[in-house]
């Protein structure tokens, strides 16, 4: 067993039961997070990447559940099977925030508008450090905020979220997430709602955190550019399946799944000039209630064959950790 | 090895619900007889079906009052005064020997007419001004808004009584008063709906086509606001019926000689009747409550079924 | 904050003026000689017709309409509300005598409806979709559907006439020595008024709480590992509170209007009772003045609501 692995998700399936119908949000998803490394989960919206993150902390909405699979957390002496614990119990509450922290997409709505930023950070500190005093927590909050690059933190700590700008709020969120030195940081599209310049600052901050705290980062994004810059490992998701998974080099240099390849072809690369060929992926994502019977990507895939229409391909390992769910990956690789 | 958590209590209930949905999802989909999603949702709501049934029964028996009950509601028969319920008189008779059952049925006509009539009238005025003002804005909008504010700054019951004292009691006056005091809320709701619809692209497009304002407003925009308006009409029908009966109970509503639900229960202002002749006021009170409840059930079902944020 | 309150007060003045004007017009339209409510009755009784005409001139009743309006308005500002037509009592005295009774009743009703409404609404939201939730929803609809007077009659029959636990009506008796004896009188009317309001408050708290529970920051609170009560009370309820306060604030003055029926059934000697009596007896000056009073209370309540909202929601903090 690799000592660096802190979180292992194996064959995880989650279904939603809202509106009296069943939606298989994620299907047999597997990935691992390692200490001091960043795992990027990429995919279009609705592909199940946020669901995977919520499942790890058992924060799924009421009418949904984990159908099968394992979420193994190795942060303690004994590994914990998170999928088996009481989602309202003490154990998961200790883990939430204390060992696995999460930051959300929209910092505008993720902070409670009626409490000061300082209150919200110290609330978290007090929850996980039972012998800490209120004023100590407040002092720590100031330190955390200034460590995240918020000027005049001692004053801003008493301000309300609406008095912060978007980027500042996300910094405050990160300060809150890092306040209890978590072993894993789950970041659910942390910069989607922010300006590009602010995005870069936030990513730099997260990169430093990874090095300073030796934390594992699970970064959920739809932005391939972010992946190239930050990721150590990549999982590509499509319609609830991880279609390709591996180190950033393997996946980006030798994409083995047609979807990954199409994603890479659809983004412009800085410095290649204006004549580069950008190819959008044809068609659109299918309705989750009316899925293709076989490979989920088959209707949009250039490599599709008869076989693809029958069943979703199993995971196949190409080399080392690089694996893919495609019948035709050899042709895809050859085409490079 | 982590011990497996077994859901208890509420979590167990939810798990069971999910099992049910899971099982249903494996069956072939049922054919849907009713095309409209809103209607389907309304019918799948048990309470609104109960509401529709009660409502229909009461309305129909009021309409066919003379067929169902042989006694004219105003027929005085002093020899039959204050009889307890029997086969001839299911709800007994009142002091003047009038058949209470027959009075309840006939009274329903007036009470329902007042309630529904006022609600429709108030909705008509409110929607007319609300949609046009919401769409056009400007001076007209501002003026109407101020007027509605004046009306709405009175507590409803106080304003109604104030107007009653000024114009006197009659059926027509009551209808007018209810419309006057009730149009404000419909107006405001429609106006705010229209304000948000106005921002939508298709309205801009229609304007660019040079379509007449009235056509854009009433033909293209209004239908999109019809859900909340329908809910408002049902709920205000319930409110007006309650108000009419309250006013008549106080002796300030419909003139006493006309049988309405409120006028019938008005008799219970008398201590001896309250104590000894329960049949005069208890059944009619129950009918009022049931009828208002049925409308509220329907209104609630409508609200759920027309709410576009709740799909499915 | 203070300047905000003053500004709000200033914007209310035109509204109040318009309503005063309408009420004055209403009184002018009524077929009653204004002198009968501007001068005390014993004075009128001692006057000859010529003297009365002189008085009319002196009071300015022959002056133009608009002048009389402003004089009337000045009178109100000085606390001169005119006289009741039926017994010649100054209206000021009637209001002063009746208002405390109504306020007592309203406060109890408000207390009942707030405590039960908010508690049940939140319970219902937290347990949404459960049997408790549906039972409470149905119960709430039953609560708003039963007319107050019918409910009142049933209660009188059961608790006052048959069980003899509570007095039939009235507010107090001369032989009472403590408030607790008097308190028995308020129980039934306050319960009925309270229950009819509870349903509304409950429904509103439920939807407000549901709204708060669906917000993103609640997920943040869960992700922080906070215990359930903290999530529901400190994060959910605290945010749901603002709209609930708004609703309850606006209920304050409607209670005065809404207690009309209940006061009648229980012969509660309050403003609502006086109002109905005045309407029945065509006592226009009293009708108009009570209406004006309730409007003023409505406007005052909206100001209080605004200030309260600002106090509990930092996003609308006022400068």
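Letters A, B and C name the chains as they come in the text, with residue numbers starting at 1 for each one.
By our rule, a residue touches a chain if its C-beta (ideal position, glycine included) is under 8 Å from a C-beta of that chain, and two chains touch if they have at least 3 such contacts.
Quick caveat: nothing in here was measured; it's all calculated off a predicted structure.
J.: In this assembly, which chains make contact with chain A and also with chain C?
T.: Per touch definition, common to chain A and chain C: B.
J.: In terms of Cα-based centroids, which chain occupies the most central position?
T.: That would be B.
J.: Report back the single chain whose CA centre is most distant from the CA centre of chain C.
T.: When every chain centre is compared against chain C, the largest gap points to A.
J.: Looking at A-B and B-C, which pair shares more C-beta contacts?
T.: B-C
J.: As a quick test, compute the distance in whole Å between the mean CA positions of chain A and chain C.
T.: 54
J.: Could you please state the distance in Å, as a whole number, between where the Cα atoms of chain A are centred and where those of chain B are centred?
T.: Between these chains, centre-to-centre, one finds 50 Å.
J.: Between chain B and chain C, what's the gap in Å when you average each chain's C-alpha atoms?
T.: Distance between chain centres: 24 Å.
J.: For chain B, give me the residues that contact two or more of the other chains.
T.: Residues 14, 17.
J.: Among all residues of chain A, which ones touch two or more of the remaining chains?
T.: As it turns out, chain A has residues touching two or more other chains at 62, 88.
J.: Counting only residues that touch at least two other chains, what does the list for chain C look like?
T.: 129, in rising order.
J.: Which part of chain C faces chain B closely enough to touch in the complex?
T.: Those in contact with chain B are residues 15, 18-19, 22, 26, 29-30, 127, 129-130, 137-138, 141-142, 144-150, 153-154, 156-157, 161, 253-254, 256-258, 260-261, 264, 275-276, 278-280, 282, 284, 287-288, 290-291, 294-295, 298-299.
J.: Across the complex, what residues on chain A touch chain B?
T.: 15, 17-22, 62-65, 80-82, 84-89
J.: Please output the residues of chain B touching chain C within their complex, sorted ascending.
T.: Residues 10, 13-14, 17, 47, 146, 149-150, 153-159, 161-162, 164-166, 238, 242, 245-246, 249-252, 265, 268, 274-275, 278, 281-282, 285, 288-290, 292-293, 296-297, 300 of chain B touch chain C in their complex.
J.: If you look only at chain A, which of its residues touch chain C in the complex?
T.: 57, 59, 62, 88, 92-98, 101-102, 104, 106, 109-115, 123-124, 127-128, 160, 162, 173, 176
J.: Please name which positions on chain C make contact with chain A in the complex.
T.: Touching chain A: residues 129, 215-217, 219-228, 230, 235, 238-239, 312-315 of chain C.
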